[in-house]
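Take a look at the structures below.
Across the two complexes that follow, chain A remains constant while its partner is chain B and subsequently chain C.
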Partner chain A sequence: MCCAGREVALPAGALVSYSQRGTYMTTIERQGKPTSTLAKLGRIAFSVLVLVGVFFVLWVGFIFLRDSNAPQGIIAIIAIVWGVGGIALLFWVADWVINRTSVTTAKKLQPIIFVGPALLILAWYLFIPTVRSLYLSFFDAQSKNFVGLANYVFAFTDSKMRESFMNNLLWLIIGTGGAVGFGLIIALLADRVKMEKVFKSIIFMPMAISFVGAGVIWRFIYSYKPAGEDQIGLLNAIVTFFGGEPQAWFTMPVWNNIFLIAILVWLQTGYAMVIISSALKGVPSTIIEAGRIDGAGEFRIIRSIIIPFIAPTLITVSTTIIIITLKIFDIVFTMTNGNYGTEVIASMQYKQMFRFYHYGRGSAIAIVLVLAVIPVMWYNLHQFSKREGF
Partner chain B sequence: MISLARKRQNKWTMVVNIVLIVLVIIWSIPIIGLLISSLRPQDDVLNTGWWTIFKGDGDFTLNNYRRVLGGSQATFTDAEGNVLRASGDNLSQAFINSFTVTIPSVIIPILIATAAAFGFAWMVFPGRKLFFTIVVALLVVPLQISLIPILRDYMKIGLTGSYLGIWLAHTGFGLPLGIYLLYNYVSTIPRDVFESAFLDGARPMVIFVRLVLPLSVPAIASLGIFQFLWVWNDLLVALVFLGGTSDVAVLTQRLANMVGSRGQDWHLLTAGAFIVMIVPILVFFFLQRYFVQGLMAGSVKG
Partner chain C sequence: MCMETLPRYEVSCFPSVLLSHIVVKCVMRLTQYVIIQLGKTKQKERRMKKAVVVLLIALVVLPSAFAAGQADTKEDDKKVVQVFGAFVDEELRRFEEAIVPFEERTGIDVIYEGSKDFETLISVRVEGGNPPDIAALPQPGLMYNFASQGYLVPMWDSLLETVDANYAPVWKDLGSYDGTPYGVFHRVNAKSFVWYPKKAWAREGYEVPTTWDELIALMDKMVANGHTPWSIGIEAGGATGWVGTDWVEDVMLRTAGPEVYDKWVSHEIAFNAPEVREAFEVIGDIWLNPKYVYGGTNTILTQSYTDSPRTMFENPPRSWMHRQGNFVTSFLQDDIQANLEEEVGVFPLPGINDEFGIPILGGGDQFVVFNDRPEVREFMEFLATWESGEIWAKRGGALFPYLNQDLDAYPNEIERSLAESLVNAKVFRFDASDLMPGQVGAGSFWTGIVDWVNGKSLDAMLSDVQKSWPE
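So, the complex of A and B:
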């Protein structure tokens, strides 16, 4: 699925509640032999040696992969085996080392093997960077001099940045509204016909396409040739067929944003539809029947019974797509590169970092993005803490 | 009375079907147009709309594909049988690069996430709740926050432009969702399954490899497809951590470059876009069931 949707919103509670679940402790009974301090030290030294050895072997492999001139395919296969095997080997060696320690130590260290690698990587890649970006955001382009809030002043007052905020707001409202709206309509309609699966599959398919691929598809649809020539872009062909003037869609202020957002709607409607559709299956038919017996029409049933029932799902889907729209990057980057008034926050951040090498401003804009998702984060944590059993 | 009601019902079903068919056509036209254009000769693509083939005129050719897949010197034959040479876009190399980046970027986070999920679900250790709360909080943190700090680390230790660097980056960015999804699954494995294993004196690592991994296959499949599509379709992480060098560039990077350098060469752009799309679409059609399950687990089931 197009880079989207990995950041997720948790569903409004109560759908699943975990029962209070006991956790166990490891109960290994090993025949402990009395050992001398020297032997203990020797064992520890040997374990450390093995660990260092494994790291060394992996590092040599890495250097070989980085500098070797072997054919592409062979490098690829070795890289895959080395990468995947390396991780498995590290797990195995860590387990081996820990089980050479005493029983009680092994018991205490056991969770570290399982949870430790994940926590280390999360700390390195997401947790600490948030703090570091916050720190960098108070410094100048080269991260040398403290500049106070200057980068934030830039982030909120620069004309391009203000344009980005307005555009992201457009993305958020129209993109989310469009995808969820179409998703809901199609889910409701498809629920009532025999060919449901086929229809849903086709609507869902764009989910598998990258933003870049979708960008090319839609650039072609929007492509423009001067009046009088045969139009090869579908949209202009339709316009000229009805006697209109061909338009260069990407240079039309404000509207060009809508044309870009249409791509997101095309991609994300399938996601919204699939999730909403499964929620629809969960609406008890008895309530709907009761509504029918009371003489409610189809629209009334949808409005008064079905929508309230699936409201938590609608919220979840909306928040997930809202997050996607907040950090929308690839579509704008490949389609207009932020020109003609289509700039967005994530693309501004990319440009500050890699075009102007202004790490202070780039970091400040990234922090602004984090601030924007904090409500969703709070909501997720709230949903999570409501669930019992952790 | 009854027949009248049924007639009304039939009429409504027909209207619903028609509306759906219209929507489905709108949704599939972009892809159909792309596929048709990628198979038409250069002159046709650049001068007439792809829909004109339905009038019956126009040829089909694989030359566009030969050219975008070919290396610096792509050789192909034109309609008159002349052998032409032109600079290709070397997407075949990018294709291999994409696989090299994607396969470990899917397997490594799954291994680490499953291990962590097992630890969180079935082990007691101090800070367990705090750490898992942090994982849930990190679910929504935009990866943009990490680009500058991680790139600085990579420059210090020489990981920029390397496969290891991008695998680890995708692992880091994919872990919160991975741990979260797998935790939901692993924590529902019945307690008895583990108990007997423990009574037999099995170590946690043995239980993990022999029981948890095999039992979690459905969840792992869903997460795997999700992560596969995410990594394969990613542009930003590749741009930042693989850099611009062409010998490691992945498909999305190459396609983005083609858009820049061949902005109006629609015969090549459409072929290139289709090559970038083909693997995810195959995955999507053959493994749709798992994919949908993964989506559900990610949002509805929670």
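So, the complex of A and C:
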């Protein structure tokens, strides 16, 4: 930390500069004051002391946040300072401590400092719970007796579970197909109009609504009252206006699933559209020009030039929405609660876990769901990292 | 620090590594930037050091200042008893009014917290080591769960004496697990009642039926007059179907009797046994006949149980009868609630088999103790006395099981007669679906009713419910 002046000569901003600085620094330090063992020990002790001090400070903050009855506003502000400041402080101090050791040790330790916390958090909140769920899935309702694969047998043979698998498949195909299909069509059309930004903003807006919020809105749209009463549901109001009989949309088997999926499409089309739209902007106009000169019509250009060009984007968007449909819960839970043949895997998991307190079955269903999601997620991330983002 | 020194993260199929890869990349770039900025000049570094010192001081000083401030106030705090239950809104307010005398007398602050997701939250809280002092459990099954796992404090002698003196034995039995009493009942409900619009009935000359045959004859008379006899709605969000289970239980008690009913609850007879099937058939004759039910099966499924009784009090009435518990009055239109005695009539659902008379089906929240403290005990003993119910009874909308209660406290003839029939009932049975295992009582029984009304065959539905019964 003694020779900042030298850096001026180094290319600013380059990553190398920092490591070289470290090297210079230690070299000069070594030349300047030969280190004795005692001094070394002192340095280590001091470093440890600083680390302990920082941990103590963070601990005090934690205890305060846990036990305090202070006004919420103050708690919130302190929590932010504690959280953000604490992490910055930890990284800063850890880096400082490491830079006080020798160059080789520093090089070895640095990655651990930066990757360690992320890995720890992931392990604690993702890996351990997953392993625990896997473990519990082989036990009975109270997690006491080993039952082997009984919970998985249930997951694949129970009539409600089979219904859930079929419905999730319906969600996957129609939900993903609908959202990506509409997203693509709208993106293609919006690309050709003057008010593009306005239209896209409007279609993107449902993205700001939570699934539960959307459920509440659409409950009103699908609301049903017996014939002769005022229809408060938009859909039935339209049906009766044209002289039809009001329909109880939620109780129609199979169709009710489609009505629920429509909500997802409504929510996710905007997302698909925005991503696809930005990919469309990247299609070089020269290729399209060339196609036109060769006599291709609009549809031919879309099919043979634009779609292949944006295929990676379409795949990324599709896999993202597929994961959403596999995990779908909120919409079903708020609209039908899985009744009338609309059960899905996640709602079955919730019911087994929190209404029937059957931790074994709940965990088994969770594991089945994870196994279904992982290949899609892996493919998604693979695409993601290959393309370095959208 | 530079990129080359970091090991390269191979993209493996392990998802958490992949995720961490992205997180780590972002954090690294950010930190690199910060460190480079920090290192640029000595001056900046010094400024940064100062900032860190200030931050450190702030982190230490601020919390301790607050902690010190709190320490002073905590000593003066009143004793607090935390109660967690499933009832909310109006019932919550009435409960809070009812316990005011206790709070004023003892200076103990009773904080009631209600949640519609009570069943989920209570398990999470108990297993997370953060139970309330007292919980009001709507389902005995929940109590059995907690009692069997040793979370509950059993009744102590003085409370037992109060309960023995103030309640009929059936209530102590309902609050017991394995012979040990835990739960104290406070507000209870009785459900075997049929409600009707008094004025409209008088206009049409309909008379209260006293037998099942009279009831069927009355229904046919209504149909002949162009009226729809029943209003039934079983929609209840996450609990859709419970209204139907109440019907089945009521009819079971009337066709098969209390002993078979008990065997059904404890699964000594199968769910698809002929006795159960018979009860469903009796109900099906009414429910699945669109002439008998307002709006037909679609309305049964989609109309909420709170909206459904209101159809009786429209002009002209859309329906003429509604079977529901004593709590139904709070769902009615405001002007009807204001003139309850003039507008609303009620009679117990007639018996079917003379042998069993007119049984009463009911339920109620039982209060159980998780944390044993003197003030918690004091509150439990208060709950076991009529004093804890009197104010609520006067406000209406609740029945109490206390033997020594003052029936004059109830605000109208309707509730007085309900309370009387509850206290005097020869056969009283707790809601079966609340006693069955959650898989059935809050699961397949509910959804079975829904599926059956929505067209599934009775046999298929009953055998599905039977299959779902945990071994």
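By definition in this document, the second predicted complex is superposed on the first by the 263 of 390 C-alpha atoms of A that agree within 3 Å, B and C clash if a C-alpha of one lies under 4 Å from a C-alpha of the other, contacts with A are read in each partner's own complex, and residues count from 1 in each chain.
Criterion: a residue touches a chain if its C-beta (ideal position, glycine included) is under 8 Å from a C-beta of that chain, and two chains touch if they have at least 3 such contacts.
This one's a predicted model, so the numbers in the text were calculated from it and none came from an experiment.
Undergrad: Which partner chains sit in contact with A:F91 here, chain B, chain C, both or neither? Use first/second/both/neither.
TA: both
Undergrad: Who contacts more of chain A, chain B or chain C?
TA: Touching more residues of chain A than the other partner does is B.
Undergrad: Per the contact definition in the header, classify A:A141: touching chain B only (first), chain C only (second), both, or neither.
TA: Second partner only, chain C.
Undergrad: Return first, second, both or neither, reflecting whether A:V317 touches chain B, chain C, both chains, or no partner chain.
TA: first
Undergrad: Can A:A118 be said to touch chain B (first), chain C (second), both, or neither?
TA: It touches chain B and chain C both.
Undergrad: Touching A:I217, do we find chain B (first), chain C (second), both, or neither?
TA: First partner only.
Undergrad: For A:Q383, using the defined touch cut-off, is the partner it touches chain B, chain C, both, or neither? Pick first, second, both or neither.
TA: After superposition on chain A, A:Q383 lies in contact with chain B alone.
Undergrad: One more residue to check, A:N167. First (chain B), second (chain C), both or neither?
TA: Neither partner.
Undergrad: Contact-wise, after the overlay, does A:T251 reach chain B, chain C, both or neither (first, second, both, neither)?
TA: After superposing on A, A:T251 lies in contact with chain C but is clear of chain B.
Undergrad: Enumerate the residues of chain A that count as touching chain B in its complex and touching chain C in the other.
TA: Residues 1, 5, 7, 15-16, 18, 21-22, 65, 88, 91-92, 95, 110-111, 114-115, 118-119, 122, 126-127, 333, 354, 377, 381, 385 of chain A touch both chain B and chain C.
Undergrad: In the complex, go through chain A and note every residue touching chain C.
TA: 1, 4-5, 7, 12-13, 15-19, 21-22, 53-54, 57-58, 60-61, 63-65, 67-70, 74, 78, 81-82, 85-86, 88-89, 91-92, 95, 107, 110-111, 114-115, 118-119, 122-123, 126-127, 141, 158-160, 224, 226-227, 229, 248, 250-251, 253, 333, 337-341, 351, 354-358, 374, 377-378, 381-382, 385
Undergrad: Which positions of chain C touch chain A when the two form their complex?
TA: 1-3, 5-7, 11, 13, 15-16, 18-24, 27-28, 31-32, 34-36, 38-42, 45, 52, 55-56, 58-60, 62-64, 66-67, 69-70, 73-74, 119-120, 123, 145, 237-238, 240-241, 294-299, 301-302, 318, 437-439, 442-443, 447, 450-451, 454-455, 464, 468, 470
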